[in-house]
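I've put the structures underneath this note.
Each of the next two complexes has chain A plus one more chain, namely chain B in the first and chain C in the second.
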Partner chain A sequence: MQKLGEFKLPHFFNYPPYFTLQPVRDTREKQIQLWKELILDYCKTQKVFVIGLEEEFPLFTNTVIERSLTFEAREAFLLALVSEGRAEWMDKGHRKCLILWHRIQEWADILLQFAKDNGLEDGVVTIEEIRFGTESQGTELQGIDRTILNRALKLLEQKGKLVVFKGTSTDDEGIKFSV
Partner chain B sequence: MTGNSLPPVKLTDSGRPVLLPNEIECFFLSGVDLLCEDEPNTWFPHLKSGLLILTTHRLLWIPEAAVATSTSASSVPLSSISHIFPHKKSLKSVFASPRVRFQVSPSPERGVATAGSRSVVVTVVVRGKGDCDAFVAKFWENWRARAWEESEKATSSSSNVAAVAGSSSSGIYSSDGTVRMVGVSGILRKEQEMWESTDKSLQDAFQDLNALMSKAKEMVMLAEKMRQKLLSGSNSQTNTTNDEEMGSKEEMQELLLSVGIISPVTKESAGALYHQQLSRQLADFVKVPLDRAGGIINLIDIYCLFNRARGTELISPDDLLQACSLWEKFDVPIVLRKFDSGVMVIQNKSHSDEEVFTKIKVLVMKPDALRSGISPSDAAMTLGVAPAMAKEHLLSAESKGILCRDVSPDGFRFYINLFSEIDRDDMHFFPCAIFAE
Partner chain C sequence: MRRRPGIGGLQTAAAARDQYRLLGENVAKIRTDMMKEQLSTFRSQLEDFARKHKNDIRKNPAFRSQFHEMCAKVGVDPLASNKGFWAELLGIGDFYYELGVQIVDICLATRPLNGGLINLQELCNLLRQRRKSDRGVVSEDDCLRAISKLKVLGSGFEVISVGKKKLVRSVPTELNKDHNEILELAQGQGFVTVDEVERRLSWTSGRAIDALDTLLDEGLAMIDDGHKDGKRRYWFPCVSPISSLTGIDSL
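Right after this comes the complex of A and B.
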């Protein structure tokens, strides 16, 4: 099985037509679906949060069969993810895409679970600790993207589950849970 | 009921008359009755409402029914006409359909009537729209020109020549003892004379366009002579230039195919019937190139081939389109078809898309094709059609979901469509396994 880093690629990754945006509607729909699943899978396991349309992305090229996705194709697949709510454009020019293999709501739930697991229901913890602290080692929160984390925090703040307060620098921002 | 003792006219599958050698069509009139008003009449039939075609040799009458059966199409050889009555204009003729009268003398050796029949006066009643005066003028012209006598002379003289040629022996001495080859200067002189006469003939031809039409026959003969010369010339050379020989022979064949039509249907001679007759003529012409191209041919190619064959009196693309769309009304075995990509082709009615798709499927499931797909040229070889046509077939197969495409710097290729079969978790699907490393 071919691999991309540690990621096991599916066998149809070597099927050349997979890399050409299909014009026929039914075929294209199936192709888009396969790519969506593949992108989400890859990003989840490799902890990739952002895909830049104009940058090299290893998943979009297959050196063995010498094929890579055109700009049009990448845009089409990312657009499909966005309409499904599994990705968001970070800029107006649609150049950077935030991949949400977990939706924001799901991240929020994970945060709450994290708080419960670590006895932080009424406690205080910094952003830095959530992202890189010892408790978050091995969990999905490890290395979480700032933007996504902020969105999740905002969501929970609105629900009154926690309060965010600023410190002297951005990494010093703290959270007080009130679960 | 009076019998029909007129010589019949053979028709092609599309309802066009089969012409005699060197016979050229000159005028068309529709809605014409041919009858004989004399009493008693034992042999001239009453032919109602047909298409009348005036040619250099005959008057052809073809029934206008949608299905033309060759038994009822008849002809009156111009040679059997003894007199044409002048067209009298009277008050009565202003309101009635124009009529033309001529006298036909039966002559069994020409196939007209049986011996012992009387000569009769035949009336042509023109009920359809048509320029009767122009018709009468051309009728006189053709009857006076006596084109059938020239061809009789030609056939009898050519049979004489054949007899003489048969008796001569090969070698430099002919049967009567004279030396045939009279040296290089003799040959050169002969060549020179021939070119001078050709030159003069060309000059005469171009002075008068009408005369050009009759010279057209000579032009065709020249082309034939050139071809013979080329064939015999190349045979005497050594065999080192075999490829070139075949190339020029092919070329000559192409040229001849395109000069094959002596009698182009023109707007003048057919008037409002132009598109109908053009349509039928086109249907006849298309058969040969269509078979050579494997049953499907690009409309643009036919446009080029057909106009090359006509030589002068070229048809416009519009005329071609109109002529093709008229095929639906006639019972011809070919149709005009437009692909999704906009490409228009002519194909046999018997052509089946399903058959083509089956062939494509077989081709694309071969081990090589599973791995690297097929290109339009691969398909062209399998289907026996031009690459452009093969590409159209591949594109329709793609739109049916049978194939999918692969666009890369290597080119445009098609693979069997596996997308619908792919399931992320299914490792066992055979063709996919080919792509596993």
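Right after this comes the complex of A and C.
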């Protein structure tokens, strides 16, 4: 089976018509479904948070069968993810897309679990520590996208589970949990 | 002196008739007895055979197919009823019912990908994967038998021959001659172009486009505009199954 690094590609990735947006509704729906799953799966395992429609992205081209997704097709697949709450456009022109293989709520839950696992129920931690600290190593939080983290923090802040306090620079922004 | 008919003559004639009848009955009885005996011998022989080769019948698909052939020749259908000694002896009825259910399952699961038309070979491969834990092996012959049993359900399961390949149809779509010819043509590379259909089948472009559009609408074809020659290709998942593109792997 063809692989992208460690990622196993599904069979349909080698079938040329899957790179052309299908005109018949039923067929197109199935096609979109398969691509959605593939994109989410790939982003999750490879920790990709943002997909640019006009940028190079490993899934958009299959050099073995010499096929690339058209812009129209890329847009259709991402739009389908957006409509399911699995992605969000980052700009008005729909050129950049934030991929949410975990919804914001799920990321918030992961953050709370992180606090519990590390005895931070009413402790303080910096955002840098969450993203790159030793505690988060090997967890899903390692290398988490800044936008997604902020959104999850905001959600928890609204629920009174933590307080975000700003430092002198963005680097030492911190949070205090009160779980 | 000529004897005149009398009661004696009539009685003799009646007695002779009775004798003949008796004799006839005897002969018939002897014949039926013989037949019965032969049949029971045959049946016990067949049973003995089936019992003796039970494991072969269960495990060896080639042997199973030959056994079926033999049964068909002598007018016995081991699948006709799930009750009776065949089922008890071999569990052979259950085997095919089980296959039937799994075939329906696979056809339904792959329908969105192939429009309800699947290559018999691929179906078998998927069936084998599903039954991996099972010690028995499933042959194409077994698949065909199981599918023929599905016909009683009236759900439109049918095996159609296109060129050299057999395809299993699980949707009520009627394929006409034109569609079949296109499917046959597509077996070469897995796809066709309008040009190719016109050229190879000597059709007008209207006829070619019309037939291809129908196949597209039925979900049996997919278009591919990505080739560098810029010509639209029509791919048919039922003749070039997606799972066989990279070897036999799970779908």
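Everything that follows uses one rule, which is that the second predicted complex is superposed on the first by the 179 of 179 C-alpha atoms of A that agree within 3 Å, B and C clash if a C-alpha of one lies under 4 Å from a C-alpha of the other, contacts with A are read in each partner's own complex, and residues count from 1 in each chain.
Throughout what follows, a contact is a pair of C-beta atoms (placed from the backbone, for glycine too) under 8 Å apart; a residue touches a chain by one contact, two chains touch by 3 or more.
Keep in mind that this is a model prediction, so the values were computed, not measured.
Colleague: Check chain A with both chain B and chain C modelled on it and let me know: fit or clash.
Modeller: These partners clash in the superposed model.
Colleague: If you stack the two complexes on chain A, which partner ends up touching A:N14: first (chain B), second (chain C), both, or neither?
Modeller: Both partners, chain B and chain C.
Colleague: Considering only touches as defined above, state whether A:V24 meets chain B (first), chain C (second), both or neither.
Modeller: Touch partners of A:V24: chain B and chain C.
Colleague: Looking at the overlay, does A:E66 come into contact with chain B only (first), chain C only (second), both, or neither?
Modeller: both
Colleague: Which holds for A:E37: it touches chain B only (first), chain C only (second), both, or neither?
Modeller: Once the two structures are laid over each other on A, A:E37 reaches chain B alone.
Colleague: Considering each complex separately, which residues of chain A are in contact with chain B in the first and with chain C in the second?
Modeller: Touching chain B in the first complex and chain C in the second, residues 1-2, 11-12, 14-17, 19-20, 22-24, 26-27, 30-31, 66-67 of chain A appear in both lists.
Colleague: Hey, which residues of chain B end up touching chain A in the complex?
Modeller: 372-373, 398-399, 401, 404-408, 413, 415, 417-420, 422, 424, 427, 432-433, 435-437
Colleague: Which bits of chain A are touching chain B when the two form their complex?
Modeller: Within the complex, chain A touches chain B at residues 1-2, 10-17, 19-20, 22-24, 26-27, 30-31, 34, 37, 64, 66-67.
Colleague: List the residues on chain A that touch chain C in their complex, please.
Modeller: Residues in contact with chain C: 1-2, 11-12, 14-20, 22-24, 26-27, 29-31, 66-68, 70.
Colleague: Quick check: in the complex, which residue numbers of chain C touch chain A?
Modeller: Touching chain A: residues 112-113, 115, 191, 216-217, 219, 222-228, 233, 235, 237, 242-243, 245-247, 249, 251 of chain C.
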